[in-house]
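Below are structures written as structure tokens.
Same chain, two partners: chain A is paired with chain B first, then with chain C.
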Partner chain A sequence: MKYRAVTVIGLLSLVALAPAPPATTSREADHVITYSRNHVSFETVDIYIDPQGHSLAAYQFELKVAAGDVTTVGVEGGEHAAFREAPYYDPAAMARRRIIVAAFNTGSDLPAGRTRVARVHVRVGGGERPRYQATLEAAADADGKPIAGATVTVEQGAGT
Partner chain B sequence: MRRMVLALLITLLGAVGAASMSGCAQQVHAVVATPRPSYAPAPLAMQEAKGREVVAVPGSLPSPDEELWVIRKAEGPAPTSDENTPGTGALMAKLPTAEKQIPVPLKHTDVKASIAGYVATVDVTQQYQNPFDSKIEAVYVFPLPHDAAVNEFVMTIGERKIRGIIRERQEAERLYREAKSQGYLASLLTQERPNVFTQSVANIEPGKAIDVHVKYFHTLAYVDGWYEWVFPMVVGPRFNPPGTSDGIGATGRGERGTSGQATEVQYLRPGERNGHDISLAVHIDAGVKIEKVESRNHAAAVDVSGTTADAALSGEDRVPNKDFVLRYKVAGERLKSAVLVQRDPKDKGAGYFTLMLYPPEQIRELPRKPLELVFTLDVSGSMLGRPIEQAKAAIRAALTRMRPDDTFQIIRFAQGAEQMAHRPVPATPQNLRKAMRFIESTDAGGGTYMIQGIRASLNFPHDQSRLRFVCFLTDGYIGNEAQILAEVHRSLGPSRIFSFGVGQATNRYLLDHMAKAGNGAVAYLGLNDNAEEVMDQFFQRISHPAMTDLAIDWGAMGVSDVFPQRVPDVFVGRPVILAGKYRGEGRTTIHVRGKFGNEEAVVPIDVDLSDAPAREGIAAVWARRKIADLADRALWDGGGESLPGRITRVALEHGLMSAYTAFVAVDSLTRTAGEYGTTVAVPVPVPEGVKYQTTVPEKQEP
Partner chain C sequence: MSRGNAQPDEFGDGEVHAPVRLREDLGRLFLADATVPPAVDESILTTARAGLARRWRHRLLVKWSAAVAAAAAVVLVSVRIGMHPVERGGIGTVATRVEDLNGDGRVDILDAFVLARRIKGGDALQKNWDVNGDGFVDQHDVDAIAQAAVKVDDAGVVQ
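Entry: the complex of A and B
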């Protein structure tokens, strides 16, 4: 029992202190969104995680706005049943240009390939096409082990 | 190992988010009359629940170690059969462009509460729909407990769930307006009073349904041996003094914008009934054996099993027109003061706590001094009928419990205030008879100029040889709460205020805060309650000195930010709950020092922080109390220019609703065609026992 506790603490520390995976590259959406100075639009930002063949049980990412006038107006769950519930965000870390989102699932049906884990709904103003940067702060499997090499990708998605 | 993943996320996301996440893992367990195997023993264990009728439910037999109680609400005065009682016909709201009558846009509210000790986690889901043939915005003004720490808001569209974002209120309103005007499906939750909220859902297309889920935490009251959980179901009508526009107005159904107030509640007319109903289930985990469970205002099925119990609102009692009040009593006479904690996953050895401080037993042994009792009775229009009769019965019961060396006064107020005598008179048989006649001659009618009642009750010379208690009997249906509470604070002097909420859906925010500002305690007198019992408990409380001038030595607990900042006095049967931040581990002893009259006393409370019961939601409860404390201070001294900023900061940091923050959610994928359509308010029934004609002002003919 004692050994188990030590293991948990050790793993937590490892994951928390491990160097963050590299920030993502953004992909273009399939359709074109036009931005103009006086126009406000609402659109989505899709976050994908690729756990490189490992079962993804928990994640935490930070989404930063690198450019543009962007305000988060909602956080939606992902495409896999394990992450379909709306994920949580950290209100203390919440700012206009940054959001930290996390979710976990204690079930056994978990995604192992690239999957959309969250969809962030945003309001875009100011006429500039926004750019985002995502950092995967943690990705862990069902045993709580960090998933080495997991990557995060941002896709600026649907909207008008 | 699954727990490791949970622990990992808790560590990473931090206290507030983690609290919510752990709630996600712990699904609310709300069992309603679990079907029993057919081989269950035939005799049904029944318990008489304090004067309530107990009936067996066919096909729902308990297992050998369980008891099944089906509690029917107490037989009170027969319901009035006048035209104010909601009928059973389908409620019809008329869309301005539609010819036919059709249902309203709120179909159902589902409530699931999970109580652990004295902390409740409550999930409320409102199911909106559009039964009309054109797009609508649904607006619903609804109540929640005034101490509810609302920290979760999720909008569901079909299978998709979008978590709302907490924002400064003005920004949230702007985001909602922008999304609404562009045709996006969007929702907004704002707070109009600590216990009154507005839910708006924009761009609901014909035939479509949207669910909005709200989650909150709060602490239960402990009242004379019972833990009490309350879920309010309807906002009662408020009287707004002439010249005010920031109150809560009452209008008839379909008369939007006619009250002249910033917030409006539309009430169903006599004979109307809306299609909105409510389901409610409560799970209690008391930690110790549960002795009794009671539903005060509703028929409910209650299933007790050792230290846990489940209660569910009866299907026959689902009209949301009164507070749901559930009480439970645990075994054992002596309750010990205790600490609950929520550890901060970001800061080892630190966290948030609540302390429930019970009055020491020796209070009961000390006699009281002579009393100067002032009974202040609200005789305004909303009290007409059963409420005024209950209030009069309570005063009559109190008068018979006075001693000859006590003095008393009776004041009634509506448009103005009127008192029985020039000054408090001794409780002689002759004066008591005069008082009875004064009470009997009292009728209800007119506006609620409560400020007049407050001033008449507090602004007269104090008899130094007596303890002065002001008993304020009212439904609290006013819209100028801030003005009233400020006046109480200004005029209180040596008095203590004991507020009595009379009715089935009273303004508990006002009543609780009047008692708090008045260094007294609150009690509720439902229309089916026994007024004599309520007054017996009141006299129990005032017949012994309160524990005053409390000071707390926290021992090795490094404590900061304790709310309320001024520790209230403790009365017999009424513990107080404090919430704060702590740092430290291991065992320590807290010492609470105070006075009973001229005597000094110390109450030691042993705490083991390493082993203290951990509860989800303590951080949110603490943040809500801090916000309430800041808001209260604003009533006394304006709070300074930075007050909104301070409240906003706390609310945003903890993701909480407040007067200055709001939740907004926009679905960027659902953009509807055309303009945003007609705004349709959800009309509600007038509270049980309240009359429509005293609720909605008559329209003046041009």
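Entry: the complex of A and C
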């Protein structure tokens, strides 16, 4: 009888101390984003283009949501003065899983190194960590000539 | 004992053998005349040929129906593409619209960039660059081209 009581108490203790089911966690830079089924968060998705030393005067990329419950809520410009203004995009695409973003600058002060050209604000729902896929559709220098070898990368930024 | 009155296992081979006369009588009794009259033969052949012809006609009909359906599908797809030459920007777009200023076969931001540079540089502007049809070639046309470049079609609808 005594042993049974000890066993029951032991099992109850194990249940009480057992860790909660793990939530999907993603560490990006210096913050932690936790995704749970009923949680909604707002995050940023930064798009970088590396023109490989050429002056970047125009770009166009397509951003696709590869996984996750994601809705675009806004698109803002990049870090360099040449692309600081909000780029062109289709507002109707914000409710979709795919958006095309583009911008150009006819000035002479243009980035030649890797630069963040746009920041996309998204609303993330559900318990799945979102994944994105970007395709560079156009990148040109100040003369309008395509930049061969230019690359695009996506970085998932801070969330709330 | 004579052979005509042979009894079972008379020959020691384990088989049962009927008497010879009985076997001959039974053979005559059940002898069948296997000759088919030419009229019956012809009738069977005619029926078979008619059946085969019917089957052949049916197959031909099925083949022609499939060909016609395929041709109709091709025409339908071609008409749809023709009605919407540029629904989206991006790689692979077949552009036949006036927004394709640099003539690379697709409408993208580089077309808007080309026009913006010409406007800024004070270059001669062509009338057909008035893509929004307001009678002027200006920044509004640049914006119109850029908007056409980033337009997303229904392929991006949430599933």
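The working rule: the second predicted complex is superposed on the first by the 125 of 160 C-alpha atoms of A that agree within 3 Å, B and C clash if a C-alpha of one lies under 4 Å from a C-alpha of the other, contacts with A are read in each partner's own complex, and residues count from 1 in each chain.
As a working rule, a contact is a pair of C-beta atoms (placed from the backbone, for glycine too) under 8 Å apart; a residue touches a chain by one contact, two chains touch by 3 or more.
No experiment lies behind these values; they were computed from the predicted model shown.
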{"item": "Side-by-side fit of chain B and chain C on chain A, or clash", "value": "clash"}
{"item": "Partner chain in contact with A:Arg98 - chain B first, chain C second, else both or neither", "value": "second"}
{"item": "First, second, both or neither for A:Val122, with chain B first and chain C second", "value": "first"}
{"item": "Which superposed partner A:Tyr132 touches (first chain B, second chain C, both, neither)", "value": "neither"}
{"item": "Touching partner for A:Tyr48 - first (chain B), second (chain C), both, neither", "value": "neither"}
{"item": "Comparing the two partners chain B and chain C, which touches a greater set of residues in chain A", "value": "B"}
{"item": "Which superposed partner A:Val73 touches (first chain B, second chain C, both, neither)", "value": "first"}
{"item": "Contacts of A:Glu62 with chain B and chain C, given as first, second, both or neither", "value": "second"}
{"item": "Chain B versus chain C as contact partner of A:Phe83, first or second or both or neither", "value": "neither"}
{"item": "Contacts of A:Val40 with chain B and chain C, given as first, second, both or neither", "value": "first"}
{"item": "Contact residues of chain A, present in both the chain B and the chain C interface", "value": "57-58, 60, 88-90, 92-93, 100, 102-104, 106, 137-138, 140, 144"}
{"item": "Of chain B, residues touching chain A in the complex", "value": "1-9, 11-14, 16-17, 20-21, 24-25, 151, 154-155, 159-166, 171, 175, 178-179, 182, 184, 186, 652-655, 664-669, 671"}
{"item": "Chain A contact footprint on chain C (complex, rising order)", "value": "88-91, 102, 108-110, 112-114, 116-117, 120, 143, 146-147, 149-152, 155-159"}
{"item": "Chain C-facing residues of chain A, complex", "value": "57-60, 62, 88-90, 92-93, 95-104, 106, 135, 137-138, 140, 144, 146"}
{"item": "For the chain A and chain B complex, residues of the former touching the latter", "value": "8, 11-12, 15-16, 40, 42-44, 57-58, 60, 71-77, 84-94, 100, 102-106, 121-123, 137-138, 140, 142-144, 158-160"}
